[in-house]
Amino acid sequence: MNTSDGEFVWCIPDAYFTKDGDSRIPSHESISILNTGVKSANLKINFYFEDDRPAIKNIAVCINPESCVHLRLDKPEQIGNIKIPYDTPYGIKIESDVRVVVQYSRAYTGTVPMALMTTIAYSNPIKQSEKN
Amino acid sequence: MNTSDGEFVWCIPDAYFTKDGDSRIPSHESISILNTGVKSANLKINFYFEDDRPAIKNIAVCINPESCVHLRLDKPEQIGNIKIPYDTPYGIKIESDVRVVVQYSRAYTGTVPMALMTTIAYSNPIKQSEKN
Amino acid sequence: MNTSDGEFVWCIPDAYFTKDGDSRIPSHESISILNTGVKSANLKINFYFEDDRPAIKNIAVCINPESCVHLRLDKPEQIGNIKIPYDTPYGIKIESDVRVVVQYSRAYTGTVPMALMTTIAYSNPIKQSEKN
Amino acid sequence: MNTSDGEFVWCIPDAYFTKDGDSRIPSHESISILNTGVKSANLKINFYFEDDRPAIKNIAVCINPESCVHLRLDKPEQIGNIKIPYDTPYGIKIESDVRVVVQYSRAYTGTVPMALMTTIAYSNPIKQSEKN
């Protein structure tokens, strides 16, 4: 019986973190993870950069059963104390040991007022069928 | 013969409702559901939160055949009289007894003017193949 | 040999057309259709509304081979002389006789400056596998 | 063993490049490509236009292994010295010799402040299954 929704592998190619922002609502990005199942989801998160800059791999994050977490990428305490560099294009890969659903959003407040963008992340049907 | 489009299970990890907003157009989120088939769609909607806050489950909503409804999440009368708490990250799961298509959008008017974001929700191909 | 990309059926649940807008760039929605193949794509477009309002069906649009068209939904001459009503939530279904890719975007200029949102439309894998 | 994520063919129907923009942050579009695998990704990019304007094909771009590149479409040096015309609707197809993930984003600064939109591009499951 499968009570969990989503996939095991998720990718986000367009992540970007800027220092700009107003004082009330700083610019920020978030990865939102929905775990509809009855088991905790143990995530491993990788960050990829341009050129020859090495990837940062296997940042561990745990999501409770039947819960939804919005991870703020500008808050190192939420992503294994990793400090994402400013003004640097990067990409994200998330692997989970149970099915989850992942959405990426960005709020830009570098010029008041706000700009928003969001997308469901890309999920990997190949890995899914191998796991099943 | 299958005259309906879409899937049976849809998920939205990044939902967030804020009290900010101007008087003319309040900030709001919507779940838009398209039912292209000839049968009514009976939906059950779950809301998931962070930490140990329990999920709210099985909110019933009906969508007429060959119609499209934009459910406003800031209007309790449209979602079974549930009042979504302010400034609280949450996620959404929607199950339907017939195929439908679901899109999530957010309009933020906390600072004039408006910011918009949208994405087709994530649909669950696993449950789909089981149902077929 | 299949030289065309995409699917045969596409759905957009969250369409909405507003009269607001500044004089230079009016608020508008667009359906962008990419036809990468060597045959013209003959589209039939349906519009669905809330409540018991009847759907508008089978609006015909043709897309040239190896071309990309951004249909403006506020311009009746681009969608079979259909006039989409203002301030009315609606949904869209697009069927094509060859594979195409569809993206929906909205630009809101009711308050200067602009808000933007976009998403790849939902495509129907069921109908696709039946056609293949 | 498959260490790479994503698909081989990606499409973006709604691309549009405008001359507007403020001096600090010009309006721009980007294609973000994430290559999580251990081999370089050799891309060929096609651009499609409205009417009978011929497509521009097979622009070559290489993405390093385990890296993520945000290609700016307003910078000809990043896309084979192609100069995308202003104020012209167009679409994009990307083919890769290894699996990659592609996201499209647009930042509009024609009126200060900024508007943002993003979506994971459409990927072609048909071509994928043929390659596997």
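Structure notes:
The chains carry the letters A, B, C and D, assigned in the order they are written, with residues numbered from 1 in each.
The criterion applied here is as follows: a residue touches a chain if its C-beta (ideal position, glycine included) is under 8 Å from a C-beta of that chain, and two chains touch if they have at least 3 such contacts.
What you are looking at is a predicted structure, and each value in this text was computed from that prediction instead of being measured.
Because chain B and chain C share one sequence, their contact can be compared position by position; here under half of the interface residue numbers appear on both sides.
It takes 90 degrees of rotation, in steps of 5, to superpose the Cα atoms of chain A onto those of chain D.
Measuring from the averaged C-alpha position of chain A to that of chain B gives a distance of 21 Å.
If you average the Cα atoms of chain B and of chain D, the two centres end up 30 Å apart. In chain D, the residues that reach two or more other chains under the touch definition are 112-113, 115-120, 125. Interface residues of chain D, counted against chain C in their complex, comprise 9, 11-16, 46, 48-55, 89-93, 106, 108, 110-113, 115-122, 124-127.
Per the touch definition, chain B reaches chain C in the complex via residues 2, 5-6, 25, 30, 32-36, 64, 66-70, 99, 101-103, 105, 107, 112-120, 123, 125, 128, 132.
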